[in-house]
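Read from first to last, the chains carry the letters A, B, C and D; within each, the first residue is number 1.
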């Protein structure tokens, strides 16, 4: 029996070895990265200690890891660049202490307490989910430490206090413009709506969509819901498509968005699908392929801008080089967040947390991948959202595609 | 509206097939051992994952991925029996303890998968190659019906597996031994049946079924991540209890009923109340018929 | 005291009891014998409330009890033992007896939690009485041993002690000597004979005819769910119908 | 009290247990006890995540909307839980084992879905019957939850509450009712023949357990500052079960230690970074496999020690006292 067990253990280990072999294609290390937009407004700091630590709370395990892992990768990339280029001065190293919150309010609180009170970090990025932010951010506020959400889109996040920032555009900043442009371009009258009813992000998106549709006097034929983690939408889609909508309006995160797009096409729907920030992921293109044609997305970050900001381009190149996959909006915002912290520390020229807060709030027109970036007086982001459409396998600005179409019509 | 109704029936069949396939393995372990293996959903995920590695990384055809996934999850399942179930059974521990150890095993399996995902893909999700199955839906114009080849494969696979399993359990000597062990372990061992061997075979079979279900599920949804098992775990549990624990036909029936209620409720009371309706019905059925629709009354189970 | 009138019980097509009439008077020991499968345990289950008759009446002290819940029948004064010993194995010998006394406690949960004097007094009395019972059945030495770890004979005795702990007026004994050797059986018989002196009535199912002769005042014979004979042990032993029932089975 | 808490924290802080973690450990210990009561009576119910949700929502609405003090909200919430547990328990507790478990999971899911949709239900009521013409109605915020809840729970509240519960529990266990619980677990039918009202005992325990879970929900809601339906799903139900089973159900200390350990474990394991989850699963698995009676189970430790010594010294085992 002993021997039998041994054989079994070996059989178990074999697939693991196999996986290790499969995964052996390592990328090359090379530091030949183009410089991102240094913020020249501030002098190279003189008064910083040799090592500075910021914290980051992301969902690195459980289902939220789908977003959290990309966030960690983006922050690691940004910090490596900051250090490589001596952004904080010669010999000054910026370190990031990552903590996992597992998408869970309790763990987010524990992680925030650890970072802010025990480890005494200068500032904290995250947490990934808005729910976690409502639970954990007050700890940072009470301890006078800046916390910056890089994926919190819920209403009221920054109302928690003057140390609470975010660089993620809330849905109400993104969606109304998209809806208007889409209506203008496509002449919509009747739409079907679908949203995830158990998640802050998708509910917010839904509310904003409904308001925008109402404001434009568009008829909502029917509203269907789903839950996070659902993968079969056949029934909801069957029922929506049967009503012959001019467009499907969907508030979903990327994982659900992909399935909704694919399955809508399977049911023979070939009209436009309008989505929010959650659709703004290369995964949508990768995984739904030609089915994604005609998907319209309001987004904080333009993935496929043919004329991108230099820093956006640099970020994408660096990310692909480092990790072999294209970054999504979550990564872009996390990356920008880390750069914003580094810039605030550089400008504050101090490791005092209140100074860092003030320097962060004062940042204006920072050339980030998200565009020229500033905070408003509520510590919410100010940069232009963009309406994009998937056209011939790429995200393009909706406006340019419509113009192009108009010109070719003439 | 008839077209919609027909289409929804087709949707029920395709969704129900997935649930049924998942529930079969779950149910098999329960019927033979009388314990719930909450790590079954992790095996399901591993099946999808191995299928992904074989078809995507090794660029092998789908059938190779299917077989590889079934073998690996079968072995993982056997390992689970050896590590998480057998020692407890030997000590005569409560069944609840076995349930918790299976949760521990599930956490372990999911986290190992996550580490491997990051190592292989640099993220925790990846998609099956798009060319594995033709994607053009089969359209029956007169009836307004559409079904994709992937879903058709799942329905056929579920049918074949159900028939094979039924044959295995009722007609083969292994199946007879399994039923004997399920009825009474002591008596079975007195009859000269190697009970431990039957347990291992049961776990292998259940694991392989879980793995198969995982690959087929991934064929429909394309995308795999370490957490795909978590959403189906509760549905699977509901299906086997509804259909009748320890009954193979019950697991299948339960899977279809759950899918049916979900889809009907989306069309009637709205999608928000979908799962509430499933559980209310479950509630009602348990109160009227505690052993489930096709289950044996409690007294006949040892 | 206990009267069964025309009691029938069928499970689907199987007639386990049909038209059983039976009486147990106070301070009498009544035997119930019959071949295996005759329906003896079903009868006891019906009296003690674990099962309910399909038709007929069971009266205890003139009150119908055949629809009552088992705990109410127990509190009315009917106790029983089981053919296959069913002790609370994880609880100690002493605790088993204490559990048997459940129906006699009056203190409410709140009194217990508040450790009220009435509760303490009651606990003291119950514990004293439990100790007496243990002494009576020679179980004092094993008072703190989990019941599952007791030797077989002690388990049998504990079942009796626990049944008596419910303070019954009628005790139903379901094959109390199963698995005992002759000397143990005789000793248990003496214990049973003491019960009528304590004012109890006894209904005992038994295979061991020597015990029946030792303890019973009268005997009922059950076969295929029907009473086929009734009389003193000696009368019953010589009844040709009874002999045929037993021999026919052989 | 503050001094005591500070002293405890100074000992456990180096291994990663800060005050919030300690607070959640205490909350989960209460949940562990609520499960322990059920298991001790032989009921495999997974309804307590649902009752926790009810406790949390009711109390949070009271303190936030009606300015109740925490204590008053606690009392009301616990009573609400009891009132809901009663009609649920009567039909459901006739079920056993896995059937009871799944029916109670169903209850938990229905509670969760109720809180997800209650705003919309009220909205459609207002618009249909009152002609309110509202576009939106927000009471519990659906999937977004109730936010900006004041953090009213203090560590000492939890410590005092737990001590009181332990005191009452030990009293209860030594009473007639406590003995009846044990009897019902071991053999329901025999217990009934002993004059124990099995239905009453089971329902009473179910209600008591629901009240404890509700209280834990009250404390938890006023610690996390936000209450969402997702906090009380299937995973939470299973966690609560794990506290009791991992800690052991032979004595009351078991579920408390179980709650402590399972809450502290992920925090203590933070140093392992990405391997944290692997170790978490491994520890759970190993403890259950090698100590099947749970962490607080003298007999289990004795057996383990005996077998370890046997392996180490190669000597045959001493015959064990008490056997079994």
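Basically, a contact is a pair of C-beta atoms (placed from the backbone, for glycine too) under 8 Å apart; a residue touches a chain by one contact, two chains touch by 3 or more.
Model, not experiment: these values are computed from the prediction.
Chain closest to the overall centre, judged by the mean of its C-alpha atoms against the mean of all protein C-alpha atoms: D. Each chain gets one centre point, the mean of its Cα atoms, and the points for chain A and chain C are 73 Å apart. We define each chain's centre as the mean of its Cα atoms; on that basis chain B and chain D are separated by 29 Å. Computed from the mean C-alpha positions, the centre of chain C lies at a distance of 41 Å from the centre of chain D. We define each chain's centre as the mean of its Cα atoms; on that basis chain A and chain B are separated by 34 Å.
The set of chain B residues that touch two or more partner chains comprises 111, 114, 118, 272, 275.
Residues of chain A found to touch two or more other chains are 61, 197. Within chain D, contacts with two or more other chains are made by residues 116-117, 274, 277. By the contact rule set out at the top, the touching chain pairs are A-B, A-D, B-D, C-D.
Residues of chain A that touch chain D in their complex: 60-61, 98-100, 102, 105-107, 109-111, 113-114, 117-118, 130-131, 134-135, 138-139, 154, 156, 160, 196-200, 202-204, 207, 210, 214. On chain D, the positions that touch chain A within their shared complex are 13, 16, 18-21, 24, 116-117, 135-136, 142-145, 147-148, 151, 223-226, 228-231, 263, 266-267, 270, 273-274, 276-277. Put simply, chain D touches chain C in their complex at residues 168, 171-172, 174-180, 182-183, 186-187, 189-199, 204, 322-324. By the touch criterion given at the top, residues 5, 8-9, 11-12, 15-16, 18-20, 22-23, 61-63, 65-66, 69-70, 73, 197, 224-227, 229-232, 234-236, 238-239, 242, 255, 258-259, 262, 266-268, 283, 286-287, 289, 323-325 of chain A touch chain B in their complex. Only residues 1, 3-4, 7-8, 11, 14-15, 18, 50, 53, 57-58, 72, 75-76, 78-79, 82, 111, 114, 116, 118-125, 127, 130, 137, 139, 146, 148, 217, 220-223, 225-228, 230-231, 262-263, 266-267, 270-272, 275 of chain B touch chain A when the two sit together in their complex.
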